[in-house]
Amino acid sequence: MGNNTLRNYFIYSLLLLGVAVFPFFANNFIIRFGTDILMFGVMASAWNIIGGYTGYASFGNVVFFGLGAYTTAVLMEKAGLNFAAAFLGAGLGSAAFAIIIGLPVLRLRGHYFAIATLGVAEAMKALVQNLDITEGNSGIYLPMLNLSVRAQYYFFFYIMLATLIATLVVSYLVLHAKLGYSLIAIREDEDSANSVGINTTAAKTIAFALSGFFTGLAGSVYAYQQAFIKPDPVFTVESTLKMIVMAVFGGIGTLFGPLLGAISIEVLSEILSNYFLVAHTLFFGGLVILSIVFIPKGIADITTQKKFGLLYFLQNIRKHRI
Amino acid sequence: MVLQIIINGLLKGGLYALMAIGMSLIWGVMDIINIAHGSFIMLGAFTTYWLFTLLGINPFLSLIASIALLFIFGYIIQKYLINLIIRASAFITLVLTFGIEIFINNLAQVLWSADVRMVQLPYGAANFSIGGFVTIPIMRLIGFLIVIIVTIILFFILNRTNLGRSIRATSQDLDAARLVGVDVARTYSVTFGLGVGAAGAAGTLWSILFPITPMMGGILTLKSFVVVIIGGLGSMVGPLIGGLVLGVTEALGTNWLGATYENLIGFTILVLVLVIRPKGIMAGAD
Amino acid sequence: MAILEGKKVTKRFAGLVAVDKVDFELKQGEILGLIGPNGAGKTTLVNVIAGAYPPSDGDILFMGKRVTGLKPYQIGRLGISRAFQIVKPFPGMTVKENASVGAMFGAGGKNRSAKDAIIKAEEILEFVGLGKQMNVLADKLSVASRKRLEIAKTLAMDPEVVLFDEVMAGLNFSEIDRAVDLIKKIRDSGITILIIEHVMRAIKRVCDRIFVLHHGQKIADGSTAEVLNDKQVIKAYLGRRYKELTG
């Protein structure tokens, strides 16, 4: 093992250790904030699998989050299952939905795929708002966790952390396996990928299913944590847009980019909302605009630059202006 | 009674069509999906509201103001922002328009608060009956007529003017158009302006018929997608057909299933159309 | 032995017959040329063979088995690879990654791990002369290097048959000669080749046999010398300027 790799592993282990013990030194509010960051980390990284590696920018990934949340709620509240079973069920259910909906929808490309996925998410929200089993717009309560308040905060933090680690590990494995090569080939040139022997339909479907699986898990934890869910917050298009912005800001198509983006944007939002209670979402919009114009490849790309200066920010405009 | 429901649907469908025309123009010519579309509709609505509330200007007159103001606004945004990275991937422009949407929506909320507002016209509820069978609200009828007029004007601009020729040329082949001397940057800016202006007109009409808030744009953008997809890109008639189809289907569907099913109907149609015939009903009709 | 055969292959597009009952036979180990004027149906025929779309009528047989209507990735995995005219490597990947993809998913890919595929890719890249550019991003290559990469990707798939689809376009004389040498080297390594070309200099130097399409129909089929002197071919293809044939 080369010096560099050893050093990287050491740094990652240190970071992981830091994250793992941090709840013991923080108050509940901070732990919850950390859990939220981890949750967005999962969602952004899961989106990255279909949107970043494969190049199929889904604008409806929140559907998996909502499905995960509602599957958990229904399984626990109505079928009396414990959280472990509901958690797994949520992930698998979302993955299954991804495969089913992927059949027609993954045949579309570019804009049309984006809008189709958006339509699916909105349709699902509308459906959930009208069904009895999901209690329509009134919302579902979930059983309370039988732990002390403090312990509950720990519980959700560590489950979300485990989910994030699983998402990243799977992403890493995919990236270095044949599947990863096939996804990137599809992103770069789908017709060539077909010619070179890649079963693009199968590859895309697997990517979509993985994306759905982990997003579903995040939704599951969220539901149990909230103990009460309604259709609008768990199916809102804002969540998808947030996932996408985080992935882009951090570095789309990279392993840690989306997580980086999730951390940066959540922290920035929190700081801004403390100083500018009313106008902080305004800044978020401005941030999105500035990032996509000046750093479309995200922060992760900046770290790979050998020489870095003002010119870096102008690259995008120079290459792509009318 | 079914006929009444269909008529209601057609009238609302006309409004949907006007909302979607701007999006269809921008998408068809520049291959840009404007996520901020609903925000511009909202701005048009608020333009009319403020002109009415502060200056007592008749909403139908303020139509001109809202179209003009939004045209200028759209022109500026295209020229100084979107044109900077327009040759990047479709995804990048999508994220850009998303950022614009957040910015405009929240700016409006900061300036005008999230309160729901209405343009209250004394004659707002006026209607007339045809043979005692169907009732037609006059405001909606006027709205529908304005939709037709705006569509005709846009059609005229696109097909009978030099500007329109430039627009159609750049939509077919950007580089070829540039080579024959078309100022593509300006053409794009004008096109975006026209699309946004149309959105402004839709906003004005909306404000006369429905309550308005700064966050109203989101669902309207989504509905515009549905209309554009149903009708297909590339023709002026597409959004009209799409709008009417959506309006009538929603009217019949909500009557049968209940008002809460309104959105489900539209989005189900969207997904079905995309899966079965992505190019829409009027594909390539131009 | 015929490794690839077409029997009465026909392809219609909304009323236009692009390929009309074409029979052809590619014998194992040979280099067969496919020529014809523009619009003769060459590309359509190759698209049918490669699985881009199924024929309207007729069959394609590979090693005696029907492969009509299979999808492009299935055709690739069976052992028929195609090198494209308009060379499009995967732009965001390096040269090595591009070739690796071929090694991973082609006919030899099934039992090969990702790591082994990369090693195989490196061998192939040396073979085509790109050994020194393995870590260069594909979109930074020169046109000639890109064509070599295309061939590398194709070879990495462990094909029995390679379809070279107008790969000589845009090359100068010395580049053409080098490409001809490479193609012969490839044949010598045991691969059968079908080469679709306009560049007569190449066709004359590399093909054992040729068949000719015109208006979708086969009008000649035989050894290189026979076909290039056939009056019908000369009339259809070159008009009176047949001196170019002998160039």
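Order of writing sets the labels: A, B and C. Residues in every chain begin at 1.
Rule of thumb we're sticking to: a residue touches a chain if its C-beta (ideal position, glycine included) is under 8 Å from a C-beta of that chain, and two chains touch if they have at least 3 such contacts.
None of these values were measured; they are calculated from a predicted model.
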{"item": "Number of hops, subunit B to subunit C, where each hop joins two touching chains", "value": "2"}
{"item": "Distance-maximising chain from subunit C - centres being C-alpha averages", "value": "B"}
{"item": "Selected interface, A-B versus A-C, where C-beta contact pairs are more numerous", "value": "A-B"}
{"item": "Most central chain, judged by mean C-alpha position against the global CA mean", "value": "A"}
{"item": "Between subunit B and subunit C, centroid-to-centroid distance (C-alpha), Å", "value": "50"}
{"item": "Whole-Å gap between the CA centroids of subunit A and subunit C", "value": "43"}
{"item": "Whole-Å gap separating subunit A and subunit B, where each centre is the average of the chain's CA atoms", "value": "31"}
{"item": "Residue ranges of subunit A in contact with subunit B within the complex", "value": "57, 104-105, 107-108, 110-112, 114-116, 118-120, 122-123, 125-127, 129-130, 136-137, 237, 241, 244-245, 248, 278-279, 281-282, 284-289, 292-293, 296, 316-317, 319-322"}
{"item": "Residues of subunit B touching subunit A in the complex", "value": "27, 31, 33, 81, 83-88, 90-92, 94-96, 98-107, 110, 184-185, 188, 218, 222, 225-226, 229, 257-258, 260-261, 263-264, 267-268, 270-271, 274-275, 278"}
{"item": "Residue numbers on subunit C that touch subunit A, as the complex places them", "value": "50, 71-73, 76-77, 81-82, 84, 88-93, 97, 100-102, 104-107, 109, 114, 117, 153, 157"}
{"item": "Subunit A - residues contacting subunit C, complex", "value": "176-178, 181-182, 184-185, 187-189, 192-200"}
